[in-house]
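Below are structures written as structure tokens.
One chain, chain A, links the two complexes that follow: it is found with chain B in the first and with chain C in the second.
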Partner chain A sequence: MITHFILNGLDRRAGIVVALLVAIAILVPVLNLVVPPSSPFHVPGYTLALFGKYLCYALLALSLDLVWGYCGILSLGHGAFFALGGYAMGMYLMRQIGPRGVYGDPVLPDFMVFLNYQELPWFWHGFDMFWFAAIMVVVVPGLLAFVFGWFAFRSRVTGVYLSIITQAMTFALLLAFFRNDMGLGGNNGLTDFKDILGFNVQSAETRSGLFAATALSLALSFWICSSVVRSKAGKVLIAVRDAESRTRFIGYRVEHYKLFVWTLSAMMAGVAGALYVPQVGIINPSEFDPANSIEAVIWVAVGGRGTLIGPIIGAVLVNFGKTWFTAALPEVWLFALGALFVLVTLFLPKGIVGTVQLAAASWRERRAAAPAAVALDPKPAE
Partner chain B sequence: MSKTRDLLAALVIRLTFVVALFAAVLMPAAAQSTDAELKLLVDALAARGFSETEDAIKALAFTGDDRVAAVLGALGEGNLFVGKTSKQVVIGRAAGRDLVLTDPVTRAEIGTEPSAAYTKIRVNNRLRRTIQAAIGTLTLLSDNPVTRRAAAEAVMKTRDPETIPALDAAIAEETDAGILQVMQEARAAAVLNSDAAEADKVAAIATIAGRGDRESLSILTQYIAAPGEVGVAAQAAVDDVNTTIALWNAGQNIWFGVSLGSVLLLAAIGLAITFGVMGVINMAHGEMVMIGAYTTFVVQQQIRMYAPGLFDFSLLIALPLAFLVAGAIGVAIERGVIRFLYGRPLETLLATWGISLILQQAVRSRFGAQNQQVGNPSWMSGSFDVGLISITYSRLWIVVFAIFVFFALMALLKRTPFGLQTRAVTANRQMASAMGIRTPWIDAMTFGLGSGVAGIAGVALSQIENVSPNLGQGYIIDSFMVVVFGGVGNLWGTLVGALTLGIANKFLEPYAGAVLGKIFVLVFIILFIQKRPRGLFALKGRSIEA
Partner chain C sequence: MTDAAIAEGSLLYLDNVHRSFDGFKAINGLSLVLAPGEMRAIIGPNGAGKTTMMDIITGKTRPDSGDVLFEGRVDLTRHDEAEIAIMGIGRKFQKPTVFESHTVADNLELALRAKRGPFSTLVHKTTRAEYQRIDEILATIRLTERRSWLAANLSHGQKQWLEIGMLLAQEPKLLLVDEPVAGMTDDETAETAILLRKIAETQSVVVVEHDMTFVRDLGVKVTVLHEGSVLAEGSLDVVSSNPKVIEVYLGR
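This part shows the complex of A and B:
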């Protein structure tokens, strides 16, 4: 049954996407490391780092689409799960600095020495081990999502109310992480990383490795999402999205399905954050900013919610636009982003992929209808 | 030669001291001493040691002469000098390397001399206290009630037992009840510090405890450890004062909470209207507040340029303008974007967020990202005290204004045809439409009204907040919390929600800190929504999905 579940997710189209992502995971690092810089096929380190970041965003968008596009839960706080995963990874990276910090304390990270900590806070223990940090990357956001969802879905908080309280959640976390007493670096967050698994985070090889890991995680997540939405449970999720009360009246425990997909989505967002942090080299509380979470929503909307490839395309496109605009016309970027929100919701409610699918479907329909029309034509063909 | 002079001076001082003591008690109207006597006493200030100077200060004080206060003031500020050769004491004011000299007795300027020829008469903290007490006792009998009150307060701070006779004299003369009380408290503080009888001290403790403020607390705590009755009484009094202060603190928190609540009410009430009537989350609501604040800024700028005399009326001029500007933008948003998105609340949320980004960036491009200077009219500056609470006029006016806006909106919704139609659309859109109400028109007007109210909230907020393009963003989440907590479609809910959240925030602050307090409030609301998903004052309806 499990194999059926897994294989079911990998139909022809999903298979192409997964294969493409795996190919990117292999090809781009090779083009960066092996192909000499003089070659036109060489991928510069800057581009690699940039697209590594975009792929993290794409993973976040994918996780958001899973709850919004397939279950109708518009989360305005997914940035919180992303940031929590990032902090878990950041804590591991901080512990790896060891005595190489500015103050040279073998155990305490620099900011703790600076803030006169005598010993490591309890929740920092274990983060010197990668496996532990890796588990925490999914467990912490997953746990928060589970508790939050448990309360919210059971009491049937839906629609804009749910969106607003997810926003309140990330806002509360933003405020909390700004506090120095939190023991997580306060305003400055965690930065100045040196090693990941013994490799220097700055080196080209590590960066390529992280890129490959991100692309592979995205491929795997895509596969998982595809399996979920194609399974029987996925059908129920879509039913919940389209008519929640009716689904409940038929006899499905709506809140269980919601809670499952919500928690899964938060874990994926956590992984995205964990991959993001070593690539950008810093995690600070501004990642919890509600504006970031809403920006992630527009990636999904642009690409097309309710399609799994849409959010990936949307995240890469919008962020590519952001990089270009903020470099070339920084004044215009917010206008462009704002206009994007308005125009997409007004004119492109299904996003790019959804619109293309719709057009393709209607084209196919017309083509299918065309021969019939010809056959019905009383005039004999020449 | 100088030795005999010192001795003579010391003798005169002691004598004057004793005489003045009686004089102060017997003849409250202070006698004017002759110039020569005074001069001798002033010169004695330049004595060798601090304790001699102290005697000199006391002697001077007990002359009760009007001129003494100025001399002692100069001494306290380090402006009293003694000639290195002449041994004459003078008041000096530094002017480059020279001193502009004034005669302490005649108050006439006596020319400019190089600083090197003079030595500053040094004072230490003990002497400063004595000086303060001396000036205090001197001015206790002044004709000006403000001066008398200040003097009594100053004497209270010194707690010098030797001021008791002067205080007694002043108390006998005093007619103003308020000042009399301060004087008695000052006397009580001095009695406590003296070697008076235990019963007197206990009475004094009662008098001081009557003040019930932080100063009385700091005095009383010093006597907790005193032996016998005094210590017991002091302990009881300290507990008493602590209770009083705790009560005032609670009162202060309530006031701060009401003040914050009224700000939240102003920011949220427009949102409550649009959300209630249209089920639309307007993420650009905060930007309407910001635009209102910028309208105020522009109005003030124009007034400064063309009619500076009207500055005190700038807010009254800005109010209707802010309402119109924000309201017009609101109507434009509704007609241009939102009406195409009815029935899709989540998309509306995203589109209005986009609009908020555009508005923010537009203001940033036009006015710059920095904070703009919005001035307070004179009637909004300053503060006054109620007991231990200090109330600023700007906060007070905002509370008044918020209440006014609330009831004005209430009247608009309950007493006008427009309000009737709005409520009808809130209750049941289809039915209202079937009864001939133009629901699209109501939608546009309601959105305009909500935005306009946000605009006038911006005028009020410009008085207490930094006016910057980000002004609205800081309020948007709080406003949502108020609306969601209070419940939709009921302005009373918004009022109760705003005040509850405001007061809860301010009560949590002292215990948890501002940030943690706010987090608690957010978490509380998140949990509260689970219990009552439609807020405190939910509209009763039959629809299964709002």
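This part shows the complex of A and C:
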């Protein structure tokens, strides 16, 4: 049963994507660490860091596509789950600083000393252990998503209303995390990290390791998503997306399916955030900015929602464009992003991957139909 | 017989059901009893409340007052759509709704009687028995040739049939079928009557239909609804000679 679920997800196409990501996880660090900088094949540390970040975004986009592309839940607040995963990792990284902070307090992070904290707030306990933080990376976003989804899906909030409350959720968290008395660094967030698992976060080796971990996490998540969408449960999700009430009338508890996929997706977004924070070296409340969540929606739309590879391609391409634009023409970026969204919505409603698939399918059909058009069943005109 | 005794032996029991929408009484004192194994045709002018009655039975709409009992004991007003479907009440909608981005076979597979929870379906592997059942249903609804077509590409009549096939796959005790022959050709309509009569040999069926030829083909007891309550009940010949029925429905 379980093996059927796991193996069913790895069809030929998904297998290629997973293999490719694993190859990237190995190859890029090797090209960075082993190949000398003089070689044309050398990958500079700057590029590695940049693409490590893109892969985190790709994982966020994949998680968003699972709920939006396959179950029709348009989340405008997925950045919140990403940020919560990031904060959980950030708390671990803060505890690793130990007495090396500016104030030299053995337990309290600098910002707490600065704010006159006498002792560690209760929710900071345990974050000195990596395994605990790693669990929290999925549990905290998962729990928030579960509670949020429990109420929203049971009361059958759907469509635009649901999108608006997801946006409100991330906005509320943005305001909450800005406050100093949240005990999470307020405005400045968490930064000045030193080690992760005993390795210096700045070193080239650690950076390569983080890159590999990100690529492997993306590969594993892709496999999980593929297993989910290819299972019978995945067919139910698509049924919910296309005809929610019909799905209820054949006996499926739609809210249970939504809750399952929503929570799973939030956990994946949390992992993306946790991998992101050590690579960029900071997590602050701006990660909850509603604009971030909307950007993620654009990545998915550009790449092609309802395909699993689409959001990955979309996230990497759009962010590549963003890096280029913000360096070359910084004032223009937001307009370019807006224009891109409008153009994609108008001309590529299925995104890049969806459009390529359509073109390929119609090409195959035409080739197959051409010699024996009469023998084939005529398609009903509708 | 007392009300309780009538309810006891019935498959479906509606007593004095009311439902209004913004003051408009869509269902107004509706009472109806369906015996186990019975097939019933329901006719009535547009807006008579036929679809709303199905909405109430299947948990989509809650009545303002009145009893709605299944198998004499289950109070359907306390359950939601999914629970009622699992209890064994299947429904075909007036406007055919199939899962357009799934294939014909997948539509049937989703409807097949099986565990419905997300964790069961996540690890579910289609069994040989299930494939056989799908093949049987495909043959019954004459879509064997179309099994791997996307449902979106079916003709209107074929979608209606697929929806009936999905009902069959659910193996419900009671089938509620809302206007199954709308948009069908005469041949298809006749075929559908034969199919429904065959289904009625093993299951109870309630059919809403405007097509009088079709209702005549079914040859079962007819209930005429008008303004949310029962106007007449009996064989088609009896109700169609009823002056009140002629006035509100047939005469127009």
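Here, the second predicted complex is superposed on the first by the 372 of 382 C-alpha atoms of A that agree within 3 Å, B and C clash if a C-alpha of one lies under 4 Å from a C-alpha of the other, contacts with A are read in each partner's own complex, and residues count from 1 in each chain.
The rule is short, and it goes like this: a residue touches a chain if its C-beta (ideal position, glycine included) is under 8 Å from a C-beta of that chain, and two chains touch if they have at least 3 such contacts.
Note that the coordinates shown come from a computational prediction; the quantities given were computed from them, not determined experimentally.
Using the superposition on chain A described above, determine whether A:252 touches chain B (first), chain C (second), both, or neither.
second
Going by the contact rule set out at the top, does A:341 touch chain B (first), chain C (second), both, or neither?
first
Classify the contacts of A:113 with the two partner chains as first (chain B alone), second (chain C alone), both, or neither.
A:113: touches no partner chain.
Check whether A:172 is in contact with chain B, with chain C, with both or with neither, and answer first, second, both or neither.
Only chain B; A:172 stays clear of chain C.
In the superposed arrangement, does A:97 touch chain B (first), chain C (second), both or neither?
In the superposed model, A:97 contacts neither chain B nor chain C.
Answer with first, second, both or neither: which of chain B and chain C does A:242 touch in the superposed model?
second
By residue count, which of the two partners contacts chain A more extensively, chain B or chain C?
B
Between chain B and chain C, which residues of chain A are contacted by each of them?
Residues 245 of chain A touch both chain B and chain C.
Which chain C residues qualify as touching chain A in the complex?
Counting only chain C, the residues touching chain A are 58, 60, 80-82, 85-86, 90-91, 93, 97-102, 106, 109-111, 116-119, 121-126, 145, 153-156, 158, 166, 170.
What residues of chain B sit close enough to touch chain A in their complex?
Going by the criterion above, the answer is residues 279, 281, 337, 340-341, 344-351, 353-358, 360-362, 364-365, 473, 477, 480-481, 484, 515-516, 518-519, 522-523, 525-527, 529-531, 533, 544-546.
Residue numbers of chain A touching chain C in their complex, please.
On the chain A side, the touching residues are 1-2, 4-5, 228, 231-233, 235-236, 238-239, 242-243, 245-246, 248-254, 256-257, 260, 377, 379-380, 382.
For the complex, give me every residue of chain A touching chain B.
Per the stated touch rule, the residues are 74, 76, 148, 151-152, 154-161, 163-165, 167-169, 171-172, 175-176, 178-179, 244-245, 290-291, 294, 297-298, 301, 331, 334-335, 337-342, 344-346, 349.
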